[in-house]
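We just call them A, B, C, D and E in the order they show up, numbering each chain from 1.
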């Protein structure tokens, strides 16, 4: 489904990603594990189109991503949850979740919203609150919900468990593993396997911009 | 050390210019220097992330202070005028700064603009000061030494050069050290500055004061150069011009304001001489070109040269 | 022994949300206390009130003998309380070194340069020293944030999730560094944490928050095993879906 | 007592004019973070285009009432041609630069447009008095008032309500909020940010031109009419709170009323009135009447 | 033959370009060409200046005094004579620089009397009358026409020109009609363009007469906004510098408006060969009549020509600057508006007759009727006396 071949990214003169090869097939849960500064965020941003690759190929469902502007990638069903949450503070939690649907003018927004509330019941109590009031962890939940709204096919989750209380982290793991049913693919960036244990079909390791495979 | 060499070189060059070049060039250099000094102050302020659209207030105060000394109190000494200009502006900045240091972003910019426009209004209303027509001033001595007719502006240029170089050196030292980092800190994240135990308010206040005093000095220099003051000096378009020069130069270097002011004046002169009917358009196009190709200001030119050298 | 920090009956609401309902806590000198709790339980709010960022609706906060309610964050910092942040608060356009240097200089350290160099090594930030803070990876930002909090040589150190976002294999190392520094200087440390291994390892006392109130307070052993805490904070063990 | 009505009416009429020009400015600033100095040129361009179009219409002997449609058409034409030209041709390459640099860019555009206007229309004033005189006068407190001002007030009201509806009652408005807050994340959510910017700038430009077009019949359209407008509009926007439409409306009303009262009771102070209002509002509320909500930082 | 270079400074952009700057520039170009061709009527029929052709260097006056001083300094080395300046602020700032640069500089339009009342210059001349007489003459006219006038009000732009004009008018009226009541003095911002609230206040003020020294877009705006609301019917409106608006507004200026032209210019010009030449050639070339700014520019150029030729005498050598200056001092010469005497400011400041009239639309055209002329010394102070003192002390000789 998603295929990266020899993707390299540099910022200024610094090489951040070096010839990354990576493949995730439909319904597969892939982990991207690496230390701080290894390049996890950069890789996810590159897939999302927020960072331009210097070289290499990116394919999504055998469609070349390179010349597809970022906003069109969301339209392909790719959802992104950034590590630093980035909600729209003036909007309610629910509106934040709905934004991608509105942007795509999707007609099944209601259905998908109900599905999201179903999978993450904690969101139901937050739905009417302004994002700017939520605690750090609550914001993470909303950001996950929002990513699910756009990500009907592929979810890019950047450190979803960081800053989340253990009770919620477990729930999140449950939620994510529950997504399997809907046939989603997931790329999950984490610094360790602590929370991701048993969740992943395949694990990629990333170190100083180079990606390797760990079975 | 390097700064000192640049300073001495600039002084020598400017003195040479003052002594040898034709009158019109002396005048232009002096005007550029005056504006450069104002923009230098703006640079100090911009380090804290604040842009004042009201430096015309202090530019005007400096100019009027100098002019009033000459016109109403008959103190016609250029050195005294320069000092009075900077001091008067500094004093007002010390007062207004108490209020303005609380403001940020566009609100700071617009409130400072409001104050400058209020002074503009007062000047326009003062028939005794010539309203919008302003009035003329004459400096006849410098440190008590009588000036030969025709040589005044050459002397002023040297005096201006000394003021500017000293001011630039002081600012360079100030911003190069802890205070410069602190100001950047205020710009980046005030909350963290407060949580480290320093006062963002104080940083802004002090920088505002410096900017005000420098603008006053620039105003007095300009008044000496032009020989005339009028409320236009406090008008927002004047303040705007300073901001534009600042951005044109970029905020990386202490020399940038002077280089940018010179280029701005020269551009305007060339445009109005050779394209009197479309000088605004020419100026606008030149500015766009600079922004397009030298994104971090004119100073990038120098930087590029240095890197390739 | 006189308490370093005493909070008495703190209340704070945001509209209908009650972020602190009658919080009373006392912290003794030279202790290491961990605050745990569900997301949105009120941990950060508590730190915000102590540091003057938020003013409690009611209640009292004493730092030593002194009532600090109503003081500004800066004044409280000057009294000797420093903190790090859940979301790193950095000077984005300054380099890592300059960030630290600024912190050390404000703290009026004798030799800020040397102190900066030391901090760079201690937190393994040296490789990033010249990089602008705004361009750092998230985990490194966190490290820098924590290391800046430590520059103040304060009597009370508040850390909001110091290890979240930091690579798993470095979390312990960081806490070791922090604790080491704290022990030498005789600092009281209060840290918010979601990683129970870290809590168990470093905290001498654990306070569990839930829904604006305190549901458990005591030694790590007792608190982490408490029924409430297991239910609301840690979550019951759920068997992993067999992979 | 008898003077309250006239003061209020003059104040509201002036406020309507102010609102028309500030609404576009606050919109563009709110969404794109550009303090658009060229707003003044767009205002002037609207006025000039209105003179040309309505002048041609009237010169062709067509019914005078149709000149109102020409005013509208002029605004729309300027907004949809010049607005996108500036945005696509210039501004789109500048996003991400510092706010003050963008001010400089728009200032350069302003300078260029000043001369363009001069080259196209010359330096002589243009007059378009017919639409102003056409609807006649009505009496208020014993004094004659132009009905045209009522048209202006109605236009401002309609524009304000339409904008408010678009911004606060539609999904597009919420999407706009996302773009305002986080450009990058908006793209990742599937919002075509570049199109949003284009549309915003075009709408803002249309509003500026609308202000100019409907002012044209009351004034002599001369070079430089755009200069004064800029600071007035900035002042209103800042008084109201940046990016706030309601703020711009209230700010305009405040300035308009204070100005007309000043003219009546203390004419010498007219020059200061707007700045005094701005200073006073900011001293009381450092971020304007309606400050934007800020995200929780820690 | 090396032409004489004449620097011309006038507004080419901004709000003053339309009413003054460009008509003045047009007149300068027209006059220079005609002079070089030798087609100007006597006594100016000799080609160029004393046979030497002239060449113009034109720059824009926009940008404020500071910029003008810089421009002036740049201009000086490039030209032999400078003629220019509409704004009083620019004139004030330029005069001492001209003195320092020792360059003959002829101010052609600016109105403030302060230039030669507060200082004296060798190299600076002004060949147009000061603003004083504009307002003294309209006051005289007003009192002659309506001897029972009891109250006045003002609407003037809030800057030096507007304030001075109002002060002169107010003082002259107080001198002429002691006890006259001033109902209100409105001072809208320069270039405000919109005067809704001001007009309301004036309409409600009950003043019999409204004085305005507005010009350009502001003046046109005032007429456009005031006329439909009956401002001109309810009050006698005096436009002390209203003449240039005729070309723009035409019949839109309501009947009965009292109009001045800052001297006997435009429609007030005497019926001389010179005036007729200017009017017809200008009209032919630019398709509008010359306004007072055009007249004053031509007048300034001709003054220098007169002085140049007087200094040159019958000799062949070009006169040096000092000789031209000596010739220009106290010169009496014929301008397109009639005789001009360099009578004030030690022979550096011109005085002229004043003319005032009333508008009337006849046969679809705007006419100036009931024109009154005032001799130069009746509307100008004697040399050495300040205008303000003169007006306040009874307008006596």
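In this text, a residue touches a chain if its C-beta (ideal position, glycine included) is under 8 Å from a C-beta of that chain, and two chains touch if they have at least 3 such contacts.
Composition by chain, UniProt nomenclature: A, C = ABC transporter ATP-binding protein; B, D = ABC transporter permease.
Being a predicted model, the structure only gives us computed values, none of them experimental.
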item	value
Chains touching both chain C and chain D (ABC transporter permease)	A, B
Remotest chain, chain D (ABC transporter permease) as reference, centres from CA atoms	C
Chains most often in contact, by C-beta pairs	D-E
Chain at maximum distance from chain A, centres defined as averaged CA atoms	E
Mean-CA-position distance for chain D (ABC transporter permease) and chain A (Å)	42
Approximate Å spacing (C-alpha centroids) for the pair chain C, chain E	77
Centre-to-centre distance between chain D (ABC transporter permease) and chain B (ABC transporter permease) (centres being mean Cα positions), rounded to whole Å	32
Whole-Å gap between the CA centroids of chain A and chain C	28
For chain C, residues contacting two or more additional chains	44, 86-87, 89
Per-residue overlap in chain A, given as positions that touch at least 2 other chains	133-134
Touching two or more other chains - residues of chain B (ABC transporter permease)	124-125, 191, 277, 279-280
Inter-chain touch pairs (all)	A-C, A-D, B-C, B-D, B-E, C-D, D-E
Chain B (ABC transporter permease) to chain E touching residues, read off their complex	22-24, 27-28, 31, 124-125, 127, 130-136, 138, 149-150, 222, 226-228, 230, 232-233, 265, 268-269, 272-273, 276-277, 279-280
Residues of chain B (ABC transporter permease) touching chain D (ABC transporter permease) in the complex	51, 99, 102-103, 106-107, 110-111, 113-115, 117-118, 120-121, 124-125, 191, 236-237, 240, 243-244, 247-248, 277-281, 283-285, 287-288, 291-292, 295
Complex interface listing, chain B (ABC transporter permease) residues touching chain C	178, 181-182, 184-185, 187-189, 191-199
Chain A-facing residues of chain D (ABC transporter permease), complex	171, 174-175, 177-178, 181-182, 184-194, 292-296
Complex contact set, residues of chain D (ABC transporter permease) against chain E	3, 6-7, 9-11, 13-14, 17, 114-115, 118, 122-125, 127, 129, 132-133, 136-137, 142-146, 149, 215, 217-225, 227-228, 259-260, 263-264, 267-268, 270-271
